[in-house]
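Multiple structures are listed underneath, in structure tokens.
Next come two complexes built around chain A: one with chain B, the other with chain C.
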Partner chain A sequence: MLWLVQIIGTVLAVGLAPLFVGVAQTVKARLQGRKGPSVLQGYWVLAKTWHKETTVPQYSSWVFRLAPSISLAALLVIAAMIPWGGTVPQAWPHNLLAVFFLLALERFWLGLAGMDSAGTFGGLGASRVTTLGTGIEPALLASFGILWVLSGHTSIQPIAPELERMTLGVLPWGLAALSYALVVLAEAGRLPVDNLDTHLELTMMHEATILEYNGRFLAESQLGIAIKLTAIIGLGWVWLGPQLGSPWANLGLRLVEVLISSAGLGWVESRFAKLRYFQVPTYLAMAAGIGMLAFYLVVSGGIT
Partner chain B sequence: MATPINILEETGWIDFNRQQKQSGAQLLALTAFRDRQIRSHWLEPDGRVVSATFLCRGEHFPSLSPHLPEVAWDEREIHDLFGYIPVNHPDLRPLIRTPRWPRHFHPLVADLARTPVWEDAEPDNPAREVEGEGVTIMKVGPTHAGIIESGHFVFSIMGENVLHMDLHLFQNHRGVEAALQGLDLSLVPPLVSRICGADTVSHQANWAMAAEQLAGHQPSETLVRQRVLLLESERVLSHLNDLAQIPAGVGFQVANQRALAMKETWQRGLFSLFGHRLLFDTITPGWTATAQMADLITLIDDVNQTWRGWRTFVEGHHGFQDRMRDTGTVKRGDADRLGAQGVAGRASGLAFDARSLSPWYHDLAVHTSTDAHGDVAARFRVRLDEVEESWRLLRKLATKLSQESAQDVEWQPPQDLCGETVAFTESPHGLNVHVVALENGKVTRYHIRPATFRNWPVLALAVSGTAVGDFPLINKSFELCYSCNDR
Partner chain C sequence: MLIVWVLVSGLIVSGFAFQRTLSTSLTLVLSLAILGIAVLGLWGAWTPALSGPELALTPLRSWFVLVLGVVAAMSSWYRFGYRQHDEAATAFWLPIFLVSMLGVMTAQTVWVFMTAWEVMAITSFFLVVSHHDRPGVIKAGFIYLVMSQLSAMAILSGFLLMAAQLHSMHFTVWAAEAKSLPLGMKSWIFGLLGLGFAIKSGVIPFHVWLPRAHPVAPAPVSSLMSGAMIKLGIFGIVQFLLIDLGTTNMVWPIVLLTAGAVSSLLGVLYALMEHDLKRLLAYHSIENIGIILLGLGVMDLGIDWHRPTLTVIGLVAALFHTLNHAIFKSQLFLAAGAVEQHTGTLDMEHLGGLVRTIPAVAIGFVMGSMAISALPPFNGFISEWLTFRGLLSIVSHSPALWGVFALGVALVLGLTGALAGMCFVKASGVIFLGQPRQQVKQAAVPKSMSWPILGLALASLGLGIFPGPMVRIIAGLEPGLSVHATMVLLPLHVLTLAVVLVAAAAGLALLSRFWEAREVPRWACGREAAPSMQFSSSSFTKAVRTTFAFIYQPHRNLARAGRYPRDFPARLVYRGGTTPTWERYLYRPGYRLAWTLSQYSTRIQAGPVRLYLSYLLVTIGIMLLALH
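Presenting the complex of A and B:
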């Protein structure tokens, strides 16, 4: 049963990822007073890009060709590790810390690919993405620290039964959720940190690292960024959202939550202009600080 | 405004031009002619135009650039197009010339009836780059990801900081000045109208003004009002576009799209009023397109309704204002030294606005808005004010015009028109100057000095020392025209 929920959950998360991105894009378009493309546009773009000719820069190496696959693989594993049904089967990879390592792995290869593309923008993007990573990781750990400290584990199986009993106070919950939401914006390359819609090479972060890709490699990267968004939003709801009795109900609830979050993401992105690059570390420090505050409130035992 | 030819010697030439600058005069143009004359036109603070001429010694003339940095590009352009050599010029790299041009090919003196034999060379000119440890050279363009014209920028960067930006423009040099040479004056308007899509009315008005001045024809008050109406309509169109582009530079799409919607409404309105979305072919010597004034007032009211909400929205947006403040600052002294034009100059505290010296605007009392900060925010704010000022002028003009009778008798410039003159208007991008010389109804020299030609070096200065990621924002705050520049 759990196996089935987990497999179906993973397939749905990956399959629906472009739709979730499409929902965010549609909300953005509406708020800009445009009709915008269909919410299914992501699928058409993927299909189009996939069937286009794939070329590689003359001066790039095997790193450039391998990176999209490794990044996509890392993100697929993350999507599969999210406990869509509330927990995962016994033999399933279950240590949540691994999610963070996989995110780091994906970022590492993204950076390598950027530098190996032998263009100046790739190097610039690699530098920016890596710098961002050093701020994202502590902030992620800070908000997840609560979960681990409360349950005494970093694996989802022992945590899962705790999730139902564990109820955070409004304040720590709110702080943890805010911290996580700020990190999601940064990690998924969204405004006010990065702008996936821009054509301005000089301002790009994530997009600059994949600027030289086309065809299948680009499709892999585009699918990857959609999966990443779905997975990290889903992961947030696993521990911040309510838990239902049956794994199927949990899976359904997660997907609805991700859908609503995507629409909310579109709204949030429309509120902001992009931050100055040199203010992004401050932004991430703020996210980490809020997470640490929630962590402290929980650990000090006063308010849980 | 026929200008007496006043030929000077080396020191006299440099002194005259320096003194003009020091006395607060505005340089209109530095123009070379086929007969080896180099002429400078200055607009004095009281509205008088004075000029001086230097006759090249052989191929040489003394460079003014060490004394007046604003003419550095003019002299490089003369060097490329005429082959006259400015002696003591600090940077004589090719500006327009590409390595594909034959060695002694200078389009404005060459016999263009024969196609030159192009050299087999890479069309890339040397860039001025910073060298040193940790310095990266980043090249952007000439082909860009957005729908924009061709500009090649060579950045020397260190980490996230721009040390220097070298501009390589003129990628699409069209040779408009060469095409105008020898043209019959009846064929001039369509070509002048297409120098640029953003400042087209200003270019057309300049030609009409020049031709009428040479013929000694005084256009009627009504005709002049109709032209000013078009000039101001164009300013609104261009500023709405620029105001939309600035938020796009920081990913603020809501402000961008809403401003673009206003621009589209305005443009459709112009189409139904004057028959062209960009106002091409609306002014010729002796004639101007007319429209129903009531419709124009309705159009202004319509756009103005959205405008008020939009202006409050962007001015109150903290994140957007923060990105603009202290970004891409041009100090007043630098703006003056480089001759910054239009919004770029006024946002740095230079009060010059050609409208206040133009006889066409004499009864309109144009309010010139300036800002001392010189940053992106200042350029944004000056544009906001100028749109509202243009609407005020348009309403005033429309009221006056609706009380007046329709078009007066048509006038055509005589077919044997002769002489030389200078005409200027304040285009949306700044002071736009045409120096026109005619002989028997044929153009012998047509020099176009658009505002953007002065402002590009100002942009390069504004960018140096800022963060790489701020370049699009700073660039869009100038929103310089490639087409005017690559004429």
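Presenting the complex of A and C:
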């Protein structure tokens, strides 16, 4: 039963990922007074790029050709580790730190691909994406700080039921959620940190690493970024959202929550301007600081 | 007795230094013998047969002998293909260096330990200065020698203090009785020994010798020093400070954790700014020693708080990372040696695209990069995960301030991991990927050099997928701790994770038909693309240099050169760099102070032998009076 929920949840999350991105884009377009593309545009783009001819730049090697597959594999495993039904089967990997390390794996291969494209933009993107990663990883750890102290272990599994019993008050939860939301924006390459819609060399980060990709490799990269967004928003709701009795209800609730968050993402993206690149470390340090503050409120208040 | 035979045979092997093939083969056999001793020691049943009054093997010592054996075997194999200047000197000192390290780890008395320690320091000095005709090598060697001697002095004082308290020079007596010493005395011993071992391991701020000595040594020697020798400091801390002394003042776990956090973060930050591959790797050794110290700090805290779970996690994390670092770091150093032999340079800014000319070395280097960046499914991931787990176990069920401290250290570790990943994207990318930046010579790299690298890479992968047996061995090293061993790795399901990950990646790669792609010119805004348009090592890390400017204190200088530099500069000369903070603000004043003091001492040194004899007499008189 749990296995079935987990498999169907993963398949749905992966399958609906382009839709969630499409929702965010549509909301953004409407708020900007445009009609915008269909919410299903992501699927059409994926189908189109997948069937186009695939080329690689001169001087690139097997690293360039394998990187999209390895990155996408890491993101698929992350999506499969999120407890969509509230809990995952015991025999299935369910560790929060493994999620961090898999995100690092994805970033590592994205960076290698950028360096292997042998052009200026690839190196530029690799440098920016990995620099961004140095801020994101500690901030992500800090935003989960409250979890470490409450659960006492690093497994995703029993976090949810245990947290259900905790009554911490609104403030620590709110701060932790804010910290996590700030990190999600940076990790998924969204405004105010990065803008996936632009291909101007001054601003692009993630897009610069995959600039030389097309065809099947580009489709893999685009699906990957959509899955990443879905998975990390879903992970946030696993510990912030309410837990229902049945796994199926939990799965449905998670998907609705991710859908609403995507709409919210569209709103955030149309409200905020992009930060200067050199202000991003400050932004991420702020996210880490808010996470630490939530953590401190819990450990000093004796609420354990 | 077996150990004595191996020690003696090391000296015999040295004698064949002038016959290249024979000497290399014998060194390989010697390394395999060391490996065999380690396996026998870990087996357990053989331990009594290996033990004597002066030299003995315990399970903990066997673990470190195993680390030495693995690195020694691979480095010796690698030497079949490695060409270097003055091979006979290296062939002479290397076996003695190997057996001296074995001696340090099996010594049972202060006398044997210090003798082996000094032999190790001296032989490694001679190995470091193998390329003594190159500029700067002798200076690097002397800095190393001075730091080695400081370390030996600190260790000897700590040992003598302990021996005076326990009225024994024998380590087995210490193991039994040192726990009952008063806390104040324990702190003195901890401080002195800790200082000595920290210098040998290259813990910041005692690290200055490490990024100087490792890069100038021949590649197999760098790999041995980084993989095995600096781990002897870790061995000393685990054996004498944590296990023998037992509970200590609560200051010491804080010191260990702080030193670990500082070393790991600053080590990787300095590594990021390096353009020389071997110096970069040397700074990463400092980083990894820091990560090992974090595990030891967790262990010490577990001992002091009497929480065996923490002790086990800390011990397993530290010792497993010790082996893992030995494997992937020697792999990377050997790959660096292959790059140097292939191109004649280690300066990254001149390299690029080597994946096409030395593909096996490139695969080994990328796998090593993934392992050292703690990425699944490699071994570095497991041990760094364990370190995180230890730190986060402190966070819960602890007083508030401890929790904040431990979370802060965990964040530093997270930052370190991300920076290491960035640094190795840079190293792999700039050296092996893209288009060659300059025309370099392309000497062949023989198979006997690439096979050890790939062998170590497979070991990294194997330990990353099947860490279970190793974790059980480590947790069983100290009796009484094994209870929780099986629980340590439980929530990770490493094997499932690795299999799913690899299967998904392979499936996607097949699905994307990665071999079917047409090569086209790359995009350079419509212009002709040139290799100099690629990102270089320094442009890659520009943002980090700006973000951490308070640590680097970067400076740059743009000068105009030519006949009329002000109005018609013929060319512009750009110089940029970072400030060597520790050297400038700690070591240079220390060096000046030592210089001044030694100038004062010349006043009482006039030269006549009678004067010195009278000094001796006066000293003995004062000592007799004081003891009376």
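Operating definition for what follows: the second predicted complex is superposed on the first by the 297 of 304 C-alpha atoms of A that agree within 3 Å, B and C clash if a C-alpha of one lies under 4 Å from a C-alpha of the other, contacts with A are read in each partner's own complex, and residues count from 1 in each chain.
Throughout what follows, a residue touches a chain if its C-beta (ideal position, glycine included) is under 8 Å from a C-beta of that chain, and two chains touch if they have at least 3 such contacts.
Because the structure is predicted, anything quoted here is derived from the model rather than measured.
Colleague: Who does A:30 touch here: chain B (first), chain C (second), both, or neither?
Modeller: neither
Colleague: Touch check for A:123: first (chain B), second (chain C), both, or neither?
Modeller: A:123 contacts both chain B and chain C.
Colleague: In the superposed model, which partner reaches more residues of chain A, chain B or chain C?
Modeller: Comparing touch counts on chain A for chain B and chain C gives C.
Colleague: I'd like to know which partner A:278 touches here: chain B for first, chain C for second, both or neither.
Modeller: A:278 sits against chain B and chain C alike.
Colleague: Counting only touches as set out at the top, which of chain B and chain C does A:288 meet: first, second, both, neither?
Modeller: Touch status of A:288: second partner only.
Colleague: State whether A:72 touches chain B only (first), chain C only (second), both chains, or neither.
Modeller: In the superposition, A:72 contacts chain C only.
Colleague: Identify the residues of chain A that lie in both the chain B contact region and the chain C contact region.
Modeller: On chain A, the overlap between the chain B and chain C contacts is residues 120-121, 123-124, 127, 277-278.
Colleague: Write out the stretch or stretches of chain C touching chain A in their complex.
Modeller: On the chain C side, the touching residues are 353, 355-356, 366, 369-370, 373-376, 381, 384-385, 388-389, 392-393, 395-397, 400, 403-404, 407-408, 410-412, 414-415, 417-419, 421-422, 424-426, 428-430, 433-435, 491-493, 496-497, 500-501, 504-509, 511-524, 529, 531, 533-535, 539-544, 546-547.
Colleague: Would you pull the chain B residues touching chain A in the complex into a rising list?
Modeller: 136-140, 144-146, 159-160, 247, 249-254, 256-258, 261, 317, 319-320, 322-323, 467-472
Colleague: Which residues of chain A touch chain C once you look at their complex with the stated criterion?
Modeller: Contact set of chain A toward chain C: 53-66, 68-70, 72-74, 76-77, 80, 91-95, 97-98, 100-102, 104-105, 107-108, 111-112, 114-124, 126-128, 130-131, 133-138, 140-142, 145, 148-155, 157, 211-212, 215-217, 220, 277-278, 281, 288, 292, 295-296, 299-300, 304.
Colleague: Which residues of chain A touch chain B in their complex?
Modeller: Listed in rising order, the residues are 28, 31-34, 120-121, 123-124, 127, 191-192, 195, 197-203, 270, 272-278.
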